[in-house]
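Chains: A, B, C and D, in written order; residue numbering restarts at 1 for each.
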Amino acid sequence: MITEQFISTSVTPLESLDILSPHEVAKLQDKSNSGLYRLFRQCSLAVLNTGSEMDSASQVLDRFKDFDIHIKHKHKGVQLELINAPATAFVEGELIQGIREHLFTVLRDLLYVGDELDLCCDTDDISERTTNTVFHILRHADAMKPHVKPNMVVCWGGHSIKRPEYQYTKKVGYELGLRRLNICTGCGPGAMKGPMKGATIAHSKQRVLNPRYVGLTEPGIIAAESPNPIVNELITLPDIEKRLEAFVRLGHGIIVFPGGAGTAEEILYMLGILLHPRNKDIPFPLIFTGPEGSEAYFETVDKFIRETIGENATKRYEIIVDDPHQVAVRMREGLDLVLAHRKETDESFHYNWQLFIPPEFQLPFEPTHEAMATLNLKRGQEDYILAAQLRRALSGIVAGNVKEPGVEAIRKHGPFELTGDKDIMASLDHLLESFVDQHRMKINHEEYVPCYKVVR
Amino acid sequence: MITEQFISTSVTPLESLDILSPHEVAKLQDKSNSGLYRLFRQCSLAVLNTGSEMDSASQVLDRFKDFDIHIKHKHKGVQLELINAPATAFVEGELIQGIREHLFTVLRDLLYVGDELDLCCDTDDISERTTNTVFHILRHADAMKPHVKPNMVVCWGGHSIKRPEYQYTKKVGYELGLRRLNICTGCGPGAMKGPMKGATIAHSKQRVLNPRYVGLTEPGIIAAESPNPIVNELITLPDIEKRLEAFVRLGHGIIVFPGGAGTAEEILYMLGILLHPRNKDIPFPLIFTGPEGSEAYFETVDKFIRETIGENATKRYEIIVDDPHQVAVRMREGLDLVLAHRKETDESFHYNWQLFIPPEFQLPFEPTHEAMATLNLKRGQEDYILAAQLRRALSGIVAGNVKEPGVEAIRKHGPFELTGDKDIMASLDHLLESFVDQHRMKINHEEYVPCYKVVR
Amino acid sequence: MITEQFISTSVTPLESLDILSPHEVAKLQDKSNSGLYRLFRQCSLAVLNTGSEMDSASQVLDRFKDFDIHIKHKHKGVQLELINAPATAFVEGELIQGIREHLFTVLRDLLYVGDELDLCCDTDDISERTTNTVFHILRHADAMKPHVKPNMVVCWGGHSIKRPEYQYTKKVGYELGLRRLNICTGCGPGAMKGPMKGATIAHSKQRVLNPRYVGLTEPGIIAAESPNPIVNELITLPDIEKRLEAFVRLGHGIIVFPGGAGTAEEILYMLGILLHPRNKDIPFPLIFTGPEGSEAYFETVDKFIRETIGENATKRYEIIVDDPHQVAVRMREGLDLVLAHRKETDESFHYNWQLFIPPEFQLPFEPTHEAMATLNLKRGQEDYILAAQLRRALSGIVAGNVKEPGVEAIRKHGPFELTGDKDIMASLDHLLESFVDQHRMKINHEEYVPCYKVVR
Amino acid sequence: MITEQFISTSVTPLESLDILSPHEVAKLQDKSNSGLYRLFRQCSLAVLNTGSEMDSASQVLDRFKDFDIHIKHKHKGVQLELINAPATAFVEGELIQGIREHLFTVLRDLLYVGDELDLCCDTDDISERTTNTVFHILRHADAMKPHVKPNMVVCWGGHSIKRPEYQYTKKVGYELGLRRLNICTGCGPGAMKGPMKGATIAHSKQRVLNPRYVGLTEPGIIAAESPNPIVNELITLPDIEKRLEAFVRLGHGIIVFPGGAGTAEEILYMLGILLHPRNKDIPFPLIFTGPEGSEAYFETVDKFIRETIGENATKRYEIIVDDPHQVAVRMREGLDLVLAHRKETDESFHYNWQLFIPPEFQLPFEPTHEAMATLNLKRGQEDYILAAQLRRALSGIVAGNVKEPGVEAIRKHGPFELTGDKDIMASLDHLLESFVDQHRMKINHEEYVPCYKVVR
């Protein structure tokens, strides 16, 4: 297997992405700050580096520091010149077709977001603008199919899960595929790849002509989580919040596989939205599942939710252990409810306009000491608000424990000061400890020290 | 034949145009000045009124004053409610499919131009902006096919031509179709419909799978020149100048059939562009043709060009009388040169970026007394400038003779005062007299009085 | 226009017809009596000679006596070498695609009939065998579309009709096409071409993706009635009876335009079948129509039917004068009845198994003196039998009056002796006189002498 | 997982297989010996029983003794009624689409072979007839794609191989799929399924639009080796010899994975053909491969070939151990030679007419005592003849050791008497012993007793 080689070549685009103006070409070549060159080079490299096992974006960028990409306008259309590209993206000198497609969809999304999007909606309401922006990006990417019954299943979960967990995601994907359901994940390996592989085999048996394997990514994570070439609709959202919104507006149901603290955050995101009073009648199947031997993960999460947000929250999800067939049956049933509800309420099948995303979930959160100090982790507020607060706290604590800038901040300024009920804090503490025990965070049991203290 | 009836019904869109945001729906429903309702209603009515023989937009709008159109967002997608629509658009209660498509392409273009277009190019150069705007509209309408060799033949000519002339346009269309060439016209009847009909039969014999019958229109003329349902790509440009630019950048060659003064203006437009020094090496087949009995039209025009702009101009066009086969053969040869040139210069096949359109042709002209007085109709200037000046003079004189506001202005302020060489003015005079004699203008020989005088 | 030239070239087939065995290639090259060469050459020439105005097969064969066709097996597939082929089949040296298709469908049918067909049905019943043979040929030609509602309209009528009649057939075709109906004719010019041309324009407006223009021919007539390249399904049946059967089993309704004695024979064929008691509940729309000025043809035929077979027969057809819209409306209504009946009786949509064709219509008739003498043209027998007898008598009398071998036989052996009721014979006589008067037979009024006498 | 249940339902066909005549329906329903009912029921059951682990046909037939299948002709087309079908073929009550296709392709092939085939070639040469019959069956099944470059890779090997061997076949399939190669196997599990699964994932990454997974089966083995639903072209040849011939004429190269004695027989079949002097210049890539740990199988076979047929034979194959990438690279290179040779010799890409199959390989062999006694296992004859003799001897010895009728015959009549060179017999003996040692035959080491003796 070729591992350390580079290939330089030129690539022609998909037909539909083959028409650029000289202005657009110039923008992609523009190395200044207002230009798109840096972003385009970085995303292209990520796309080409598929299948690599390197974890960090910086590692990738370092190894392929000589990689470059030029764009040319030839009489027949656009052409990309790749210089020192990862050889793993090629088969006998020819770029794998799926990767070739990814290259040009990245180009499509970067240009569209940079160029045409600003006026998509003449409102000052930032929430409405965000929702509309996501809509326009998805429409431009042709990701919405108006006459198709709800069938898009989002799969979330860890990217570095254990072998039996990975095999399990394949089996679940296979059962979903047998029911002609499509898969949407965040790109990358592990729980984001397994369901697509399983579904591919099942779709082949069912002769599904246009199976959809949607990958939603954003420039900040694409380098670390290269899209798998099975993904046949790669969409690059401009930031992490729009990516999360795209998942819940495009997807019709969600399956969560085991993961780490990041997966727990995604669970709190989804759960918080579903708990908002305006969403209480909107069906949205949400299933947590893993193989035998991985029960602990969801037991931990479930316990945490019960202890903090309350029993009521557990009505919005279901836990299924080691039964891919049942997961698919329950998802299918859930999607039938989604269909019925959309018909009843005249909601489109292709974009979930109805779902209300409270600003607490739509706006980004930067876990500084100050931001952490203003969190309110007490009972006596709406459950969806508490979910949002907990999600942020979790995010900050993870940063304080394992992410470099967070650890540094703690070292400098001491532990975060949190305001919250004692038992809620205890639950949070327990949740993190369990993740450490289950080897789901890069930290040893002995080293684990809470990076916060509770104040009154 | 049903003639005076109205039908109310609802229509679902083409799949690809079926995804609107609530904002867009609101904009189409918005009856205020900033809204699109009025424009959308007017264009929709025009599209539905196909095949009608009414000449004037106001007549159309008057007869169908009770026509209305609503847009609805249903769970499956968008739906249009038509109220009191012209029954001629329907076959046994069902809207003709081609017209259904036109309705939704109008909607597509109005929304795109209104909404997304403003930032398509961050330059202040108005010419560059215009060229880019046309490009973006055409790309959004999927009108550019990057890997296809030049094959788009623009057909210009009158909309109310005589029977033998109409039959002749069909025969030319048939010969073009046999050579697998596509047709682009300005929509409407006469010379804009005949070539498409002829080509349809030939494309059927040649089993051309995706024949293109492109209609370029704009809101100001669509009401009077309803697109024929054979048109399978209807594109509504925002104004007359962008429409003209779309013809010459999208088309690879032009055939001009007999027409009236409007057709003569189009000839001067094209010829002026081709005479610009920057365009002198760009091949662009331009053929004037008509059946036996219609020679006079092009003899007149040719004589006028020779006498004013000069012999040199005649190198850019060819006149062929009563020989559809030869017209197609010459066009085919011309397109081969276009292909060779585009390859040589790395120009795209799908949009003629190279062609320079001087601002004299790109900017609109309003024929007031003042504007007419500033025209310079003398020799001693670049031939392309003279062509532009003559085109404007012609435009003004036609207005002064037959268009209501023009006639009124002459009555009030006296004849236009023109500055020009005597013989040039005489040629212009002769050109118009000939059109009158040939019944190509709505004016009798006796009534024709020049509406201008030459000053020094 | 090139008229008297020849082209030699090689042609590659449609993909689906591109796989022949060496045995099949040998058979097509075999010039012996058991080989297919002669038949293949003759049919190919006919196909290539489309659009020619020559009436007789022998004329065609004579002009193109140097025409030859070879078949080659190349690594990529089959290739045909054409030597001295009619230049009219080509556009700038390239064979018109529709004609290229026809060449290979002829090859397909000749091989299939010659080779694979014999065992298609292990019954000794000759009628059943014939019906099955027609079924197998149509299936092999992919002419049956199982899930499609009845929409195949057969158009019969003369091939050398007057201009207004030809224009009228186009208008009827246009109205049928607007209703998404398909057209099936016997190939050739006149009433067999006009409806297809009209339908092509309408199908284009309705965006019908796979319009069907079915041409049913047989080796004996193809040379004189070359298929029009609009025909996109050419099927060569082995003989005239199977061709007639294909019309009534594949078609869902029939429109008859004016023609000559041949058209009258076809009317008697269809009417006789519909009058059989086993067919009395089977709906089958049958419309006779022509423009203003052509009423006489159907008046004559209608009168003849009433006077001979009786009023009852007139219930199975409808005459519509000069109203293409009404023809299409009535056909559409008739097809709705066909659909309802097929559903009710579990009959397939694609082949009319139910319709019983009495042997009197299925077996060929050779009009010798002896055969004519045994006809029974009297009342007192089943009306469908009388229709069959009259059809044969008509066939014989036409032969005796205008066809060379018939005229010769009469000259030699005297007039045919017919046994029949006097008034029936008088009606027959009147029918033929009227055709002569209407210039629908190649004979002058003065020359017309009945070639038969009635005996007791 | 549902395992022991039955489902009764009705199934509609693929469009293209939806047109049957009443005669054909009757033949499929005919339970007499001349009818097709029994064969159709048995093959249908096999197709529906996919994924089952039952080894023997009789076991399958026994468990589903209540299974029945009826065929109906409804107005829209054909319909199959399934009674007590295996539930594993269904997903939530709906038949898996791939299996639905298989049902109707079985029907297609049974009818075609029974009905239309007899006259496909008017020669008495039985070899030519066989080759033509195979050609006609494949053409009728639309299995030949004339303009496609050689890309069909046949994979042979055992159906009950070990896990690492199965995983290895998937990896090889994946590498073949990355190179856009298609897969053809004998249906069933193990080495016949793995390559298709691997190729499916790779074809998805390469966006291969119409990947081909061809399964060649015959009524005698289909029950025991149910086709995997990934197979998207199932073709049922009438007998084992035609199936083998189909492999070598349709396939462009062969990969052999480890298997048992059956696989060794297939190797001798292919090798014998390639050793024939008439085939010596025909390139035909033949690769034996397996994972680390399975080297023994091919070492054994290779040694046997060298010792018996001779070193020369080894030039026609290549052994690659544990290197899927290299297998694919070598196959790709081999196919390039095939392409070059076919172009050079004007051989079609879709059917290997050139390859001569000696009658020794084309005619069936029944291993009776008498037939075994007439084998000539000595040197001094053409190597391809010796290969054919050895293949037969091997076949007989396997039967004598493990197949019920063979074991019984040996018990009754004593060991087979073989005429051969001593060392050749020793090699054969060693080959079989090795298979026993490697657990590739259902027999223990201790039990293995040669069932033959050598005579002079």
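Here, a residue touches a chain if its C-beta (ideal position, glycine included) is under 8 Å from a C-beta of that chain, and two chains touch if they have at least 3 such contacts.
As the structure is a computational prediction, the values presented were derived from the model and not from experiment.
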For chain A and chain C, the touch-path distance in steps comes out at 2
If you check the contacts of chain B and chain C, which chains show up for both? none
Where chain C and chain D are represented by their mean Cα positions, the distance between them in whole Å: 48
Can you check how far apart chain A and chain D are, centre to centre, with Cα atoms defining each centre and the answer in Å? 45
Roughly how many whole angstrom separate the Cα centroids of chain B and chain D? 65
Could you tell me which shape the graph of touching chains takes: line, ring, star, complete or other? ring
Quick one: in the complex, what on chain C touches chain B? 1, 91-92, 96-98, 101, 178-179, 197, 200-201, 204-208, 229-230, 232, 325, 329, 332
The chain B residues in contact with chain A across the complex are 15, 18-19, 21-23, 73-77, 115-123, 132, 135-136, 139, 144, 146-147, 342-343, 345-351, 353
